[in-house]
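Before I ask anything, let me first share the structure, which is written out below as structure tokens.
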Amino acid sequence: MKTRTLKRHLNDSFKSLKRNGWMSVAAVSAVTVTLLLVGIFFAMIFNFNKISQDIENDVHVRVMIERGTTSKQKDQLQKKLEKIAAVKDVTYSSRKKELNKVVGSYGQSFKMFTGDDNPLYDVYTVSTTKPSQTIKVAKHAKQLKYVYDATYGGNNAKKLFKVMSSVRKWGIGFTLLLLFVAVFLISNTIRITILSRRDEIGIMRLVGATNAYIRWPFLFEGAWVGLLGVIIPIIIIDVGYGWVYRHMALSMASAGYSMLKPGIFLFQLDLTMAVIGIVIGALGSVISMRRFLRI
Amino acid sequence: MKTRTLKRHLNDSFKSLKRNGWMSVAAVSAVTVTLLLVGIFFAMIFNFNKISQDIENDVHVRVMIERGTTSKQKDQLQKKLEKIAAVKDVTYSSRKKELNKVVGSYGQSFKMFTGDDNPLYDVYTVSTTKPSQTIKVAKHAKQLKYVYDATYGGNNAKKLFKVMSSVRKWGIGFTLLLLFVAVFLISNTIRITILSRRDEIGIMRLVGATNAYIRWPFLFEGAWVGLLGVIIPIIIIDVGYGWVYRHMALSMASAGYSMLKPGIFLFQLDLTMAVIGIVIGALGSVISMRRFLRI
Amino acid sequence: MIRMTNVSKKYPNGVTAIKDLSLTIESGEFAYIVGPSGAGKSTFIKMLYHQLRATSGKIEVAGFDLIGMKDRDVPYLRRKIGVVFQDFKLLPRLTVFENVAYAMEVIEAQPQAIKDRVLEVLELVGLKGEIRRFPNELSGGEQQRVAVARAIVNQPEVLIADEPTGNLDPETSDGIMDILEAINQRGTIVLMATHNKQMVNERTHRVLAIEDGRLVRDEKEGDYGYED
Amino acid sequence: MIRMTNVSKKYPNGVTAIKDLSLTIESGEFAYIVGPSGAGKSTFIKMLYHQLRATSGKIEVAGFDLIGMKDRDVPYLRRKIGVVFQDFKLLPRLTVFENVAYAMEVIEAQPQAIKDRVLEVLELVGLKGEIRRFPNELSGGEQQRVAVARAIVNQPEVLIADEPTGNLDPETSDGIMDILEAINQRGTIVLMATHNKQMVNERTHRVLAIEDGRLVRDEKEGDYGYED
């Protein structure tokens, strides 16, 4: 294609966008609303994922050390623990400290067991790189020397795991669904606008335009619709996310979790939306007009 | 309006729907996809709500009874507990039983404390009607006679509360957003189809049709588009939800939670979708054509 | 009766298509509107059934005052006027029968009356065999005849036709003219823009010549008057 | 050269609009197509530039074999043919200038050449003052003249005009005819469907009469031939 022709196509696409008036506005706003939904939902689902991981990562393996283990042997044990695949870090907590924790949640009456009466064990708290590895690590740890027992969170944690992972599975499914919906709705809107212009396309054919020649301005017009449609969602998402991030960060942090940092995440999200809008706008346009490009 | 005229309008709307061919198909499929999204999302969010409530409801207030309290006094206490506002039910668990629980999660070494050595207390487990009342109930219980202490879940539960409630808050926000988006997208699609028929509307005006006369068939046509558009989502949601329910029910139950029962829930969901589709289809149609009904 | 007093029409793009035009057409008159392409004939006609609002002046048609008319009264004016549009303006999604019937349906006529009357006028314009077709399945002349049928179906007080024979062969044109004259005989005002010199000269009626938006000639028994 | 051999055209609705029609038009000829409304003139014309595919028979236009032609070759046929459509077929979103220019743009002409040539033909049809207007801001006759301008702008090998003067006053019609005859003088085939009896009789050329889909008359120096 000559640059002159390309320029003409670009020009034509602008003109057409402008002269289609309300039709263009309606198409652009369909893209806007769809992508706004996509953007907000994606921001939510990815953060939910992040936080649910934070929660899962809260769950550790408690490795109880047999009584009478010397501190050298403990060091040995620690090294062994650290070598288990998927172990991130290992922290030590004496039985005394452990008792204090129990006192905290089960009441003052445990206080009488301080000192040698303390029925608890010294403990290594082992955190894993992947939450799903917790059970495996616990089993492994149990077989090590000097280990009295190795437990992990218990029933509550298991439940939480299950809920989180099923919510996340549904989240992925819904993300894909939403993507499909967005693609469909945007291309469908473009299709309707093209349907209403079939006569125009027919006339272009009748005065000797090749299909390629007709297609280009429509392709560009679809792309403009997508581009214009993506601007508002990007602004709203970027500003809104920043606001939420600033206002939630503290309360999140106090609960031990954190949202995704705006920088890269927003960039990726914006890019995703722009690609959906522009690519689907352009492709939808070209694909919808195919059937009008006969005879 | 005469019934004859009404029949004619209905007739005209059918004809028009049929004769608009691909345009009608495109409009109907826009409604279909939008409502499918709404339906699936609503099914998810309401179930998520249900389950998160189940989880929250798992959290109880543990009221420890002072040692030496007679069983008659305990009954008194139970009655008092039951009288606290927002208390749903109160179950008794002896210190022996409690110890077994501790043994379960902290290891066999506690076994030595059975019998009179048992450092634990008899306990009333109090469940509240609203999870948010837990803290209040605990405080109240603490001040009662024969009560040694009253605690609730502890740190983990608090975290969970926070996460759940914020997820739920976001869920409501997103539900509203999705509703708005659905309404907008459906009416926008209808608007585009009407825009492409402005000439038609103009001709109707020119041959002496009143605005009301022109409006009715368009209103009905919009309603048909909505009605046709809602059929597939309803089928998919009903069948799909039934399937998911059957397949998830067991694993859910084993985790102690349950999904919403299909019966009434699906009826409400279907109704919501039908109302959105049909009402917005009809209204969108009438509102979009307003500006073409001048001169 | 149609009365225009000092009517002007300026389009948004700045073109003044009708300039200070005054005329009166009495009930029962038959008048041609002639003039070169772009003279303002269609603009003049469009103001009569309120498709266009005059920029200034007074217009009175069939007892309606068109200036300051409320939008909701416009349909009632139009029901007294039958119009053959220069570009036909048929409803593309309705069949020939339905297009003509539509004009009767809007006044909520009886279904049987509609059926009878529509078939009657379609026979009159020679299209009884095409009632199930859609406008895009018709020849240019056939579409024009459907437009004529629709304009006359309600037996209007005023019949306005913008080149009703532009796409017709002389024989068919004559048939249409016979119909229009018959309607005129029953007291309907017929107002017809045309470029058909022969017709204007042979079937003499009042002639209104418009040039560049002005009424330049108004003759009771006129002729087309332009040389070629 | 245009050659049709035993061509028939049956529409999907069952109407056979052209029946076993054969004819040859040599380069440089000027031919009228006459016949009553609905005779099949437009159908005949639409087959020549492949808007319609013949149901049977052979068609050859400007060196192209139209039967079994591939869709992608159709534009190249059409670039050799200028067409004035009965319903104008102007692009509603383009101005008068852009509409005419479009036919030159598709063959990727130089911008300056386009500008010069478009203004030239618009002047020829008397619309130089309206180049910035959109089709719906034009009178019927003006739209028709834009259609004529677009048809001739590329100096086509074949010029097909379906009632190019139906909406024009006799004087303007004469102007258009002058243009068509001048183009014909330069060797272009001109094929023109018309109902204008006077024109056919005064400017004598070959006359092809179609009735009910059949070629019923083919005269070298014919006349309109229908009485009224």
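Letters A, B, C and D mark the chains in the order given here, with residues in each chain numbered from 1 onward.
Keep this in mind: a residue touches a chain if its C-beta (ideal position, glycine included) is under 8 Å from a C-beta of that chain, and two chains touch if they have at least 3 such contacts.
The shown structure was predicted, so the numbers you read here are calculated from the model rather than taken from an experiment.
The chains that touch both chain A and chain C are B, D. Under the contact definition stated at the top, no chain borders both chain A and chain B. For chain B, the chain whose average C-alpha position is most distant is D.
Inter-chain centre distance (chain B to chain D, centres taken as mean C-alpha positions): 66 Å. Chain centres here are Cα averages; for chain B and chain C they lie 61 Å apart. Annotation: 28 Å between the Cα-based centres of chain C and chain D. Residue numbers of chain C whose C-beta contacts span two or more other chains: none are found.
Contact of a single residue of chain B with at least two other chains is seen at no position.
Contacts between chains close into a ring here, every chain touching precisely two others.
Each chain pair that touches appears in this list: A-B, A-D, B-C, C-D. The residues of chain A lying in touch with chain D in their complex are 2, 4-5, 8, 15-16, 19-20, 200, 203-211, 213, 293-295.
The residues of chain D lying in touch with chain A in their complex are 49-51, 53, 71-72, 74-76, 78-79, 83, 85, 89-94, 102-103, 105-108, 111, 150, 154.
Residues 11, 13, 15, 34-39, 41-43, 86-87, 133, 137-142, 145, 162-163, 166-174, 195, 197-198, 224, 226-228 of chain D are the ones that touch chain C when the two sit in their complex.
Note for the complex: chain A touches chain B at residues 22-23, 26-27, 29-30, 33-34, 36-37, 40-41, 44, 48, 51, 55, 58, 64, 102, 104-110, 112-113, 119-121, 148-149, 151, 154, 156, 159-160, 162-163, 166-167, 170, 174, 177-178, 181, 184-185, 188-189, 191-193, 195-196, 248, 251, 255-257.
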